[in-house]
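Chain naming follows the written order as A, B, C, D and E, and within any one chain the residues start at number 1.
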Amino acid sequence: MLDHILSILIFFPALAAMFGFVIHKDSIRAYGIAVSAIEFVLALWLWFGFDSAVSGMQFMEFIPLIPSFGINYILGVDGISLFIIILAAFFTLIGIASLTDTKNVKNMIITLLFLQMTMVGVFVALDAIVFYIFWELSLVPMLYIIGAWGGPLRIYASVKFFLYTFAGSLVMLVGMLFMAYFYYQATIDPMTGVGVWSFAILDWYRLILPENFQLWLFAAFFIGFAIKVPMFPFHTWLPYAHGQAPTIGSVILAAILLKMGTYAFIRFSLPLFPDASVYFMFPIAIIAIVMIIYTAMVAYAQEDIKQVVAYSSISHMGVIILGTFALNVEGITGSIFLMIAHGVVSGALFLLVGVIYDRRHTKMMSEFGGLASVMPRYATIFGLMLMASVGLPLTINFVGEFLSLLGFYQQSHMITLIAGTAIIVGAIYMLAAYKKMFFGEVTNEKNKNLPDVNKRELVALIPLSIITIWLGIYPKPILEPINNSVESVVQLMHDKAITDEAKSRIPNLIKEVEEVEISITSVEGAH
Amino acid sequence: MFEAIAFYLFSFLTITMFFIAVTTSQALYALTALAAGMIFISAFFFILGADFLGAIQIVVYSGAVMALYAFGMMFFDTTRDVKEKQGNKFIVVGMGVLAAVLVVVIFAAPIVGDNIVALYPMTEGAGNTQEVGMVLFTKYLVPFEVAAVMLLVAMIAGIVLAGKKMDISLTLTSDDKIEEDENNKKVLL
Amino acid sequence: MEIGLNHYLVLSTILFAIGLIGVMRRKNLLLLFFATEILLNSVNIAFAAISHYYGDLTGQMFAFFVIAIAASEVAVGLGLLIVWHKRHGNIDLETMTSMRG
Amino acid sequence: MEMFLYIALFAPLVGSLFAALFAASPKTLIAGVVPSLLLFISFIASSILLAYVLQTGGAIHVEMMTWMATGDLYIPFGFVVDQVSVTMMMVVTLVSTVVHVYSIGYMDHDKGFNRFFAWLSAFVFSMMILVMSDNFAGLFIGWEGVGLCSWGLIGFWYHKESATWAANEAFIMNRIADLGMLIGIFLVYWNTGTLQYEQAFAVMPSLDTEILTWMGIFLFIGAMGKSAQFPLHTWLADAMEGPTPVSALIHAATMVTAGVYLVVRANPLYDLIPDVGLFIASLGAFVAMFAASMALVNRDMKRIIAYSTLSQLGYMFVAAGLGAYWVALFHLMAHAFFKALLFLGAGNVMHAMHDELDPFKMGGLSKVMKGTFVMMTLASVALAGLFPLAGFFSKDLILEVGFVQHHYIIYSVLLFTAGLTAFYSFRLVALIFHGEERYKLFGIHPHEAYKFMLIAMSPLLLLAIVAGAMKMTYFEMVTAVLPATEYHIHSEITYWIMTIGTQLFVIAAIAFAYKKYALSKVDVPDGSSDMEKSFIYKLLYNQYYIPRFYENYFVKPYREMSHAFWKEMDILLVDATVDGIAKFIYNTGENTRDMQSGNLSTMLKWMVAGTVALLSLAVVFALAVRYLGV
Amino acid sequence: MLEPVNVSLESLNLMTLAPMLIPIIGALLILIIDIAKSNLDKTLYVGISLLFLLIDFSALLSSAGVFAQDGTIMGVFDLMLIDGLAILSQFILVGASLLFIPLALTHKRFHEFSYPEFFALFLFMISGFQFMVATDNLILIFVGLETASLALYTLIAMHNRNKSFEAAVKYFTMGALAAGFFSFGAMIFYALTGSVELGQIATILEANNYADMGYVLVAVVFMLASFGFKLSLVPFHTWAPDVYEGASAAMAGYMSIVPKIAAFIVVMRMFEFLINSGVVWLEVVLYIFVVVTMTAANVWALVQTDVKRMLAYSSISHAGFVMVAILIGTTQANSALFLYWILFSFTNLGAFSMLWISRQKHLPVGQSSDHSYNKFAGMIKTAPVAATIMGLFMLSLAGLPPFALFWGKLYMISSAVTAGYTVLALIMALNSAIAGYYYLKLIVYMFMKEPVVNQDGTVYVANATMSLKTIIGFAAVGTIFAVIVVNPLLEFITAFVYNSGY
């Protein structure tokens, strides 16, 4: 069964969702929890069966789909994707378990299960088109979740979310088609004059492109990814999406969906275009700085607690981007770890915002104040997550943030110094928000008798708190597999780099080159 | 010389007639001018040796088509002056003239006649009708049959559209009403 | 003064242009149909001329079928006009603007 | 021995978690007692470790487990108990035990009793990590940990706006410095390839001075934040919003000295870069005087002590900067004892005065609070550096260091500051304990604190008195790891002149303070006296207007800029552009849909127009081909 | 004297006529039955039509088999040309018709289906289109085109309400103008080459090395105008929205597919050789055409308030998208055209059918058109299955993977990329994004708004019968599981297109 565990992981929730249609709406929640729990167990099983020492892809599956055009159903998982998959399964589980919306629960749970399919699919796909399928498909359930259960501006927010990402990914699709075409060109057999179409990412890895081609393709992929991440200035959909989405939507959006973009950078942009990555390193780093500082400042100005968390997500994504473009093992490992960390922490923060929203039906911070005395447990968990978000050592976020910044320091001291202000500006808006909500006297009558977090909410929050601290103290089980896979990526990049600049920027880990590269010389002749 | 005189004469006549046909505000004038123009065109056919075509032109157009139009005109009662509001005449005439000028600019140059082979050459000594028949019933047998189908289609179309059955629309009548009418044995269908 | 193929082509063009003007300026549908007849007829002249100058019968064939087509169009066109006229009592195309935008 | 190390380290954590169990429930005595006991155990363990270190002269080094490992980076949870860290451990565990016990009484009536102990013990745990860690990353954990606990404790009374504000300020200010520290750590890593002290310091001599200088500067920036050096000093005074035991433990004895500890710990680095050292010393001297000057006029008891702390930290940095690491550490230790004592005494006074902080509203308390009076006076004496108390030995040593190293300006500044110190310390004592009983005007009935609190304070008193005597033992111990420079003024006469001169100067300052505040009539200042109107007074009273400066030129612009970024940039520029593109497309459709007028004639015209347009294109092209031969 | 012509029956290859004759026979049969006994139920005629279409389909299958073996077949004095394009397009023609005919079996009674003539005309029309694609002789193309068009005008008008008359008249009039353009263009080609067969024309023009470029271009202009009308390229598209709105939804869906594929084939035959022999002008003009058509139609679709009209504009945009294949002209592009159109047929016919089953005889209360967006508001609550299926079609039209149309788009854009049309590929991609908006708008209405028209959802399936549901289910399944058939389809198409020399 482990041979097909990835397919099972993808399609089990979808099948279950289909069956969900016939389940009575009173028992749908139990059904949803059961399904997502099974999925989570499967994901854990995947981890269990995963060989941490291996840096390459594992559990590969291959089914021809459109072989004549090089599109095949190829799956595989490595250290980079493994934990995001587990995270996705985990968040779906606790998302459903802590679901508080009562309107159309059945539709919601079915949608969530479909969403889970797409999320897992994105991270295990090793064929660009299969990746693209899940990437795009993930928009639909999210569109529905935001649009059907969201706030007053929900339609605007959901449509904006959808179209913005959709537009970006179409540009990316063009890039993918170019990539496949270049592969075709490179593999043209001089005897027959016929090449091989392939959208398999691992095939693409073996392709060395001339620098100017890399630049253009990098840009095409970049647009798709940057909007998803979202990077400044493509970020404006996010505050609306978060602001309007129901709690569960925000949680999954922040925890998993945003990670697709950064994951894709590591899966596509870096190994495919090492020279372009080096070329664009500094512009992107500057964007990352803007994301970090600018959005942190905007977060500080917010009046709505959910918007604070939303903008904080962008700020953190900036650090992730920075770590990714450190192009060394420390930075990339850090950024992947930070993806997971940010998933856990921001997911938890959105859940926490949801807790208070359920009670008061407002998210404006001015409505609160002094909650620490009314809801001490809530305040404590919120405080913990806040500190994690701020990047306090021994919380999960610190490991990622530290490694990301450490990694980038090798590339540029100045930029890291500026980016490092993340820890300052992050503290500013988070503490300010916490102060507004939890400190001071309870002034608003409505807040006087708010119940503290209940069991259902704790079911979601306690595990998250435990993970937050556990992985902050002992990140090794996760860091190690990530590290191994990242090392092979970095080595691949180093080997593929053609410019001296790139060769010197990307460290050589001095390992044996496993694969023989196919060098393209004929690509120039294509146009 | 004769050919030239004939060409210019009939050119003048057809152009005039057709011009009247599209500009006059009297529907009757238009119809008459059109019919006249058609007949003048058949003159060209005769000049060019396409006797069969000339005959068909007179029979079909001046005979059938014009008659149809005449009936139509009576039906629509358009014999009176037709008031047609014109927007910007300049655009209409301008575009027409421009189109003509543009094409004429191209047509002013002679065609390079190389490599042109008459696939169905006219045979010396055979009448035009004979030639036409020969080609029509070999090479163009299929289009001929399709044209027959087309005429059938046109006929059915004309009958259906002008038929009485179109007067009461089932599309606009509610189903209950239709049932009722059918039950009352009123002839609807 | 030899009358060449180009003469006929130019004549055909002029008649075609007249037809176009008619198509554009006529608001009465019946008269508009007249203009479309002119279009087809103008082409027929050219076909016959080319056929003549090349000594090839295909042109005449084409003209023959064009006439057939023109005749069929009249039938369908008049049918449509009749239906419209029955409902609206006019055949003015200015009244046909229920769908737009 | 490793077991004792772990006991010393984790006992406070256990205590904290234990108290945290009760955090949400009403006051439970056990939540205070157990952590105190555990801390005592920790103290015992530390003492055993101290004994071990003293005996063997070696260090205990353990590596508990891996924390982070990726690429070439390897960071373990490693702990080292050597002479330096064991000193710190002793100070920390001792003072915190005292403070814990004291707090049982002090926080007696507080609703957040249990929560308080959770935070307090957590703080001790962080501090232990900070001092025991064997690498920079571990240090940073403790560094941030104490920051967090400091935040929690300053803002302990979270319903008070000023407290929460001060907590956030402290946290954020520290974060600014932490960034420097982080960069310093990055520098260390990328240049030495490791973050372990031992290995890193071993590599450093082979590195470029420039790189080392940067390393030194950035690490010191970190230290500046924690130790509240100028210009990051404002948070310390505001931090006095926290409960007084917190001030005693965190903002006097332990956390604020972390910066000094860092410099001492990194002595191999700073030895290589004397220029940076000199800068540190100069800054230290400046802060010493700067802080003392503000203490002169302040009217808040705790703030005065806080400024005094600041000033003493300056002294420590002078010593550390000048390479006299062991002196700095020695003063750190001594200072911890008497300053904690002073704060706890102040706490007693506050309790007695129902949280009144203005010493002008007190006076004559010596009658009702004998024990406290004695303790505070002795602590002040120690602070002033009078023989034979602890301060004399440690502080004079720093003066000597300055003198011996020919940094006469620093020396004079420090000397002058010593006088100021004596003045403001006794100004405070005089105002609180002597003179008229002004508190009666405000209808307060002061009472002495619980006995056990006083007893708890007594170890500190003892140490404040006798710590100086341990100087030579101490010297021998720490110089096993620190540079063993002795600072002796070559000429006996100069030495005696200096010492006695200093003592006389200090005594004079004390006398002046007593004359002015204890013997003459003191009014509660109402801003009417000439002194209060003078520029200098206002300058000092307003803390050189620095907080206001920060408020006006950093905080406010930041807030305004944030708002502008949100409203003007994010919404009006970035988002509006995105929406604008969408709207443009939509409006294009809206504006051009008239093309579809529904009029058949127009439709036909469009068709002809399209054809004519194509024709024109075609003819132009064709003519170009025909005549130009394109 | 004229020599008698000896013709052997084998050389005529009469079998090439079979697929076109079958619907004609069916139509005549229907007419005869009607004469023999009137007032028979429409199911009979639907059955007969289906039967003959199926026979037609199998005839096509056998032609395909022959083609796969022997390559292109000429027949009946070389007039009929059965090559890969002809076979593929006839498959689409007949296939789409097969899907269309059962839509006549609605729950409500609509005027046109009460005529046996409707089915006869329909079959005649199919045969007309079949003739159009199975020859390269301009005369037969013209006659086939007119046969089909005249039938189509009538079919539209037979819906019998004001809008359908208006639509038919508009379509007819513009069609007459387009016919004029066609004949004028054909005339110039004839003048240039003395031939009306496209293959012959190509040969002669190439032999002359395009000496008469001016003539060629003018001919191309008129042909473009004529087929621009058929394919609804901007600015010749103006009929399309009105006609789609006026026709019944089923007919509109049908019209968005069948006439266009026939026109595409002719255009492909006509322009491909020109493009490939480097007529830069045509390339430029087609470039402008496809970009303008895609974009403008999309932009107009954005502002529509009626779903059917929106779908009309969207169909225009899709046509522009597919026109790219003609511009590019590689084998891959031409294969993409067929792949796209097959997948598009499923999806678009499905979408229009969804409108068809929600059709009411009278305007819903408070609505200004048959299928306003408002009518679909909150459909997920009242008719969840219908809403889901409709949403599916919308997503597919938007090109969301893995639904049918995505694969078409993918392959089409890829062909642009492969041929070096980078900018064009980007424009295509961005246009898909713009298009996303209006498809999404319907989804938004269906899934995210509260119902306004009625609360019980019956309105959405008012017109539904088993056969309609079957067709929609078929289209939906095809849309979802398209990925399975894409590979065999692609291989089949590529082989056919390649072996036809395109």
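Operating definition for what follows: a contact is a pair of C-beta atoms (placed from the backbone, for glycine too) under 8 Å apart; a residue touches a chain by one contact, two chains touch by 3 or more.
Because the structure is predicted, anything quoted here is derived from the model rather than measured.
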Path length in the contact graph (chain C to chain D, fewest steps): 1
Result of counting contacting C-beta pairs for A-D and A-E, higher pair: A-D
Chain located farthest away, centre of chain B as origin (C-alpha): D
Centre-most chain, if every chain is reduced to its averaged C-alpha atoms: A
Chain whose Cα centroid lies at the greatest distance from that of chain E: D
Interchain centroid distance [CA atoms averaged], chain C/chain E, Å: 26
Chain B-chain C separation of Cα centroids, rounded to whole Å: 5
Chain centre separation (chain B, chain D; CA means) in Å: 99
Separation of chain A from chain C, taking each centre as the mean of its C-alpha atoms, in whole Å: 64
Residues of chain D touching at least two other chains: 582, 593, 596, 598, 600-601, 604-605, 608-609, 611, 615, 618-619, 622-623, 626
Residues of chain C touching at least two other chains: 5, 9, 16, 19-20, 23-27, 33, 54, 56, 58, 61, 65, 68-69, 72-73, 76, 79-81, 83, 93-94, 96, 98-101
Chain B residues counted as touching two or more neighbouring chains: 91-92, 95-96, 99, 102-103, 105-107, 109, 111, 116, 118-119, 131, 139-140, 143, 147, 150, 153-154, 157, 159-161, 166
Every chain pair in contact, whichever chains are involved: A-D, A-E, B-C, B-D, B-E, C-D, C-E, D-E
Chain A-touching residues of chain D, taken from the complex the two chains share: 23-24, 65-73, 137, 140-141, 144-145, 148, 151, 155, 158-159, 161, 164-165, 167-168, 171-172, 175-176, 178-179, 182-183, 185-187, 189-190, 558-559, 561-563, 565-567, 569-570, 574-575, 577-578, 582
Complex interface listing, chain B residues touching chain E: 102-103, 105-107, 109, 111-112, 114-119, 123, 125-126, 130-131, 134, 138-143, 146-147, 149-150, 152-154, 156-157, 159-161, 165-166, 169-175, 178, 189
Of all residues in chain A, those that touch chain D in their complex: 160, 163-164, 232-233, 235-237, 239, 294, 297-298, 300-302, 328-330, 333-334, 370, 372-373, 376-377, 380, 387, 392-394, 398-399, 402-403, 405-406, 409-410, 413, 416-417, 420-421, 423-424, 427-428, 431-432, 435, 438-441, 473-476, 479-480, 482-483, 486-487
Touch list for chain E against partner chain C, complex: 138-139, 142-143, 146, 150, 153-154, 157, 162-163, 165-170, 172-173, 176-177, 179-180, 183-184, 186-187, 190-191, 194-196, 241-242, 245-246, 303-304, 309
In the complex with chain E, residue positions of chain A that touch it: 64-69, 107, 129, 132-133, 136-137, 139-140, 143-144, 147-148, 154-155, 158-159, 162-163, 166-167, 170-171, 173-174, 177-178, 180-181, 184, 526-527
